[in-house]
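Take a look at the structures listed below.
In what follows, subunit A forms one complex with subunit B and a second complex with subunit C.
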Partner chain A sequence: MATTAPAPAPVAPAVPRRARRSGTAQDRRTELVLALVAATVLALCAGMLVFVFVKAWPSFEANGLSWFGDGNVDQQIGDIFKSPADPADYVYTIGALPLIVGTFLTTAAAVVLGLVFSLFTAIFIVEFAPAWLNRILEPVVRLLAAVPSVVYGLIGILVLVPFVAENLISTERKESVAFVVQLTGASWSVAAVILAVMIVPIMIAIIVDALRAVPKSWTEGAAALGVNRWRVMWTISVRTARPAIIAAVILATARALGEAIMLAMVAGSVGFIPNPFDGLTFFFEPVRPLAAAVVENAEGLSVIPFGQTIYAFAFILLVSSMVLSLGGWLAKRPMRKYGIQS
Partner chain B sequence: MADAPALPPTARTKPVESSRNWPLMDRLMLACCWVAGVSACVIAFAIVAYMAYRGLEFLRPALFIERPNADLDQSKSGGFLDPLLGTLILTVMGTALAIPVAVATAVWVTEYGRPFWLARAVESGVEIIAGTPSIVLAIFGLIVFQEQLLGFLSFEAEGGSVFGRSFFTAAAMMSLIALPLIVGSTREGLQSIPGHVREASYALGKTKAATIRRVLLPSLRAPIATGTALGMGRIAGDTAIVVILLGGTLQLQGYGDVPGLDVLRGTGSTLTSYVYLNSPAGEGSAPEKAYAAAVVLLAIAIALNFLVDWIVRRDPTKAVTAAARR
Partner chain C sequence: MTMPDDSADLIVDGAGPPPPIRRLVPGGAPTIVLPPPPGTITAPNGAGGTGPTVERRVSALPAAQVAERMRTEELRIAYGGKEAVKGVSLPVRRGEVLALIGPSGCGKTTLLRSLNRLTELTPTATRTGRIVLDDQDVDTLEVTDLRRRVSMVFQQPNPFPMSVFDNVAYALREQGSRKPRKGALMEPVTEALRRAGLLTEVQDNLDHPALRLSGGQQQRLCIARALAADPEVLLLDEPCSALDPKSTATIEELIVRLREEVAIVIVTHNLQQAHRVADKVGFMYLGDLVEYGDGDRIFSAPREERTADYVAGAFG
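The block that comes next holds the complex of A and B.
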C-alpha cells in the first residue's frame, strides 16, 4: 500500500472499458491476495487428502482388500507395534472390519436415535412449544452443542457405564459370553446414546431453520382447510423441509463418525463385532470405532508401520467425512429455492 | 377487520385448536413432541447440575495455582495451572491464526467470487474442513509438521527426526476448527449488508478494496466476534488435536532459548487432555481431578456461549443470529 500511493481520484471520467475492469492496481491486488488466501483453503483440503493417503498407502498396499476383512484387530495392532526395526520385516497385517463395524454401529444407532429425537424437538420448537419454554429450549440446544466431548465422555464413563454394569447387566449375562468378550458396561449402545445427544443440536438447528422457512401461505392454506396443527406440520412443513432433514442426517453422520474422545472413553475399546443374535446381550457388547482407535494409539505413531496403519484409519475417516460433507452440501441445495442459507 | 385490535399471532389459534378432538395418532405424536422438547431441557440441566455438583465438591482454589505432576497420591498430584494456561494459549493462538484467513476467504467469496467455479470450490472446501473430524486434522497436522522443513515449529528428537508436536502445530490445526465458523458468520454478516451501502461508497469514488476495508469490515465486527467466540468454544473443547499434537506432557515444557517462544515450541496439556488423562480411560485415574477440571471446562464453554448471546443481542443488525444458532 505504501509503495504505490492509492489514487484518491474517482474513476468517474474513465472510459467504460476501464471501469469494467474495476479500478486501480491496488484494487486488483487486493482481489488477488484475497483469492490466494481463499485458494489456500482449497489447497489444504487437497493436501490433507494427498498427505494422509501417501502416508497410509503402505498399510493398504500390504493388505490389499483384506484390509477391510475380519481380523483380530487388537492382537494385530499389537503385532504391528512390535514389528522389527528392519523395514523389510515390517508387519502390516490387519483386518479392520471390527473397527469399521464399530464405527458404523455407533454412528447409525446415534443418527437414528438423534433423528427421531431432533425431528420431534424441532417440530415442538417451531409449532407447539409455549413461548416461555422456547426461551429455555433455544439456549438449551446451544448448550448441548457447546459441552466439550470430553465432558460427555466423563459423564459416560463415570456415571452411565457403572450404572449399566451394575443394574442392567446380570451376572449370568456376563458369564454367558465371558469366553468371548467381557461385559464391563462400556458398550456400543451406551456410546450411541451419548453420541445421539451430541449430534442432536446440529440436527435440531438445521431442521428448525428449514421448518421456519416453509412459506406461511402453505401452512395457513392447509389450516384453513381444517387440517389440524400436527397434520399441517407433518404433511406440509416436514415434507417441504425434507432436503434439510436429509442434510441434517448427513452432517450429523459426519460429526458422529469423527467423534473420537467420547467413544474412546465409553465404547469399551475392544476390537469386537457385536453379534445381533445374542439377543439383549448384543446391546451391552463393546466395540472399538476407528476414530477411537486412532486416539488411543496416539503414543506409538513414531513406530513406522504402526503409524502408517493408524494413518490408514484416519484416511478412511477422512474420505468418508469428505463424501458426507459434499453430500450434505448438495442435499441442502434444493432448500435454496425457499431462501434458506443454513 | 381493520380497526380490530391486532391479536398477537399466538393467541389466534389457541382457543380454537384443542388437541382433544384430534385423532389418537396425532395426539400421540403431539405427546412425543412434548416429551422430546422437555427431555432436551432435562438432559441439559442434568448435565450441568451433575457436573456442578461433582465438580464443585472437588474444586479448591489451590487447584488453579498449583502445577500438575504425575503422582498416584491424589493429594500430591497438584492442580491444573498448566492445563489452564495451555487452553488459554491454544485458544488465543488458534483464533488469531484463523481470523485473517477466514475473513479474507469470506470477503473474497461474497464480494468478489469472480471465477465462479473457484468460489464454489472454496465454499465446498470450507464445508469439507468443517466436516473433517478433528482427529483427522490432528493426524494431518502430525504428518505435515514432522517434515524436516517445518522443524523450527517444534523440535528435533535425538535421532534427528522432527517431533512435530508443539503449541505451534496444535494451534495451526485448531485454527482449522475455528475457520469454518468464522467464515460462516462473516459471510452471513456480509450478505446482510444491503447493496446500496456498497453502491453509496462507490458513488463517493471509493474503490472496491477501500469499500471493503472502510465500509464493510467495520460493520462486520459483530459477526466476526460471534464466529470467533464460537470457534474459541470449539477449540477449548477439542481433545483429539491436543492428545495427538501437544505432546501429552502434563506441564508446559518449553524448548529452545527464546523466552516466550520456547513455550510455544514446546509441549504441554490443556484442560481437555487433563480431564481425559485423569478419567478412568487415561493413565492417571483420578476422577476427582477430572471432575474439577471438567467443571471449569464446562464453565468456559458456557461463558463463551453467553458471550455469543451478548454479542448477538448487542448487534443492531441482528445479522448473525442464524450463524450463532449453529
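The block that comes next holds the complex of A and C.
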C-alpha cells in the first residue's frame, strides 16, 4: 500500500527484562492465535468456494457458455427435475440469464434506492434533525434492521402486491402482455422497493456512524470559510465518509443478493426478463432471482442433476459477492492516499 | 464592504486608550525587517523597571489608513454556566494589527471564534453583548457571508484530507456561484501559497496529500487556505506555534504587509512576536480584557499589575 508505516520502534531498554520477555512471548502467542483464526476463516471460505464449484461443475460443463444465455428457465428447471435416473440420461440444459437478470435488477434497484434514501436520512440525522427526533429515529432504525425478512415478505404479498395489482395495473395493461407474462402485482419493482426497505436501516446506521466520526476540526474549518452547513456536509463529511459509504453499499448489496425468502414471495417467481421497452409495464413484470430459485427448489436437491444445477446458482451468487468485496476494496484504495481512513 | 476611513477616531476603547506613542519612521512608509536570528532578541521586559529592550521593527500606518472594521461591546461568552469571556469591548481595525495575549485558558480562542460566530457551532456556548462588523450587528448578517468576510485560522492546523491544491482551492470553489475550472484556480492558489510562504516547498507537487505535510507546513497551508478567499478580517489563532524562525518571519512579514487591506487579529503566546507585529495589544486574564493599548506601551509601561507580571514572564 502507499502508506509508509513507521518502522517498529526498538524495544526500550528501560523496560525490566522479565516483563519485556513475558510481554513479547504473550504477544507472539496472541499473534499466533489470531493468525490461526484468520487462516481458518480463509480456509473455510476457499473450501466453500471449491466445494460449491465442484458440485456445480456438471451443470456448467454440460451447458458451456449457454448456461449464461437466455432460456425458458422455469420449463428447463422442471425438465432437469424430471431427469431419468440413469446418469447417462441426466438433463442439464439451462439458460439461466433470466435468473441472473432478476437478481441484478432487484439488487441494483434496491441498492440505488436504498443508498439515496439512507445517505440523505443519515445526513439529516447527523446534521439537521433536532435531538428529540434523533432519540426516536435511531432506535426505530435499529429495530427495523432486526425485522426478519419473512415479515417483509408477508407485508409485501398481503399488502403491497394486491395494492399494486388493483390500483396501479390497469386491465388493458394486463391484457397487453397477457400472451407473454401474467401481471399479478408480484414484480421486480415491488420486490426492489421492499428490498430497499430491508437494507436501508443498516446502511443508515453505518453512514451515520461514519459521518459522526468526521473530525470536528475539518467541518469547523470549512464552516469558518463561509461554507453553508449543507455544503460542509457534502464536501467534507460525506467525502470523508466515502469508504464507509462504500462499505455500506457492499454490505447492502450482499444482503440483497442473498435475500431469498422475501423475493420468493414477492418477485413473482417467473423466469422472465423484463423488457425496458415495455414502458411503464416494465416495472410490473415479474422476475425470479437466483436466491429465490434456490430456496424454491430446495426440496428437489436429492435429484442429482437438479441439485447440481442449484449448486451452480449458488456458485454464481458466491462469486458475485466475492467480486463485490474486491471491487469495494479497489474503490477505497485511492482515497487512503489523502488520509481518508477506511 | 466599504466603510468610512476616519471611523478610527470614533472608537471608544474598552480599557482606556492612551494617546499614540508610536515611533514613526520618518517618511511614514512601513519598513519590514526580518527578525534577527534567535539569540539576539532580548525578551520584552517592561515590568522590571529596566525599560523596553525590544524594538518594534515596523512603524504604524498613518492614521488615515487606519479604520475600524469590527468591534465587540460587552461581549460575554459562557460554556454551560462557566464564563470564558467576561464583558470584553474591543475594536478591530484595518491598518492596525491587534494581538491578543494572555495565559492559557484565558479566553483568547473563545473571543476570536465569536468574531465570526464560530462559537455557535459549540452547542453549550452562549453569547451576550454585541459584535459589530462595519456598523452592522453580526447577528443580522448571513452567517456564511460573515465567515467569508471574517476568516479564521485555527490553533491546531486542520487541513482537509485532500491534496494541497484542493485545500487552497476549497474556499474558491465553494464561494463561487459557478465551479471554476482547475486552470482558472491555479493562479490564485499559487498566489495564496506564495503569500503564506509555502509555495517553494509544495510547487513541484500540488497533488501531495495535505495531511502528509509537516505540522508547520500544514499551518501555513491553513493560512494560505484562508488567504485564498480574500477575507476582510483575518483571525489568526497562534499561527506560528509550530513554525521555525524563518517561516515565522515569513508569516510576520505577511501580517504586516496585509494589515493595510485586512484587519488582523492574532493570538500569540510569543510576546516578542506580539511586540514585533502588533500595533495594538490586548492582554486577557481569566476572561477579562485587563488592558488594551498600543503594543509599545503595553510592553514598556503596562498600567495593570497583572499585565506587568505577565509581560515580565511571571505567569503564563
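Things to note:
Keep this in mind: the second predicted complex is superposed on the first by the 284 of 342 C-alpha atoms of A that agree within 3 Å, B and C clash if a C-alpha of one lies under 4 Å from a C-alpha of the other, contacts with A are read in each partner's own complex, and residues count from 1 in each chain.
Heads up, the rule we're going with is that a residue touches a chain if its C-beta (ideal position, glycine included) is under 8 Å from a C-beta of that chain, and two chains touch if they have at least 3 such contacts.
Just so it is clear, the structure is predicted and the values come from calculations on it, not from any experiment.
Comparing subunit B with subunit C, more residues of subunit A are touched by B.
Once the two complexes are overlaid on the shared chain, A:Gly64 sits clear of subunit B and of subunit C alike. In the superposed model, A:Thr240 lies in contact with subunit C only, and not with subunit B.
Of the two partner chains placed by the overlay, only subunit C lies in contact with A:Leu225; subunit B stays clear of it.
In the superposition on chain A, A:Leu143 contacts subunit B only, with no contact to subunit C. Under the contact criterion defined above, the residues of subunit A that touch both subunit B in one complex and subunit C in the other are 223, 228, 231.
Interface residues of subunit A facing subunit C in the complex, by the touch rule stated above, are 215, 217-218, 220-228, 231, 235-236, 239-240, 337-340. Considering their complex, residues 116, 118, 121, 144-149, 151-152, 154, 156, 158, 160-163, 170-171, 174-175, 209-212, 222, 225-226, 229 of subunit C touch subunit A. Across the complex, subunit B meets subunit A through its residues 10, 13, 17, 19, 22, 26, 29-30, 32-41, 43-45, 47-48, 50-51, 100-101, 104-105, 107-109, 112, 114, 118-119, 121-122, 124-137, 139-140, 142-144, 161, 176, 179, 188, 191, 204-205, 207-210, 212, 233, 236-240, 243-244, 248, 272, 275-276, 279-281, 287, 290-291, 294, 297-298, 301-302, 304-305, 308-309, 322, 324-326.
On the side of subunit A, the complex with subunit B involves touching residues 6, 8-12, 22-24, 26-27, 29-31, 33-35, 37-42, 44-45, 47-48, 51-52, 55, 117-118, 120-121, 123-125, 127-129, 131, 133, 136-144, 146-151, 153-155, 157-159, 197, 200, 202, 204-206, 208-209, 223, 228-231, 234, 251, 254-255, 257-261, 264-265, 269, 291, 294-295, 298-299, 301-302, 310-311, 314, 317-318, 321-322, 324-326, 328-329, 341-342.
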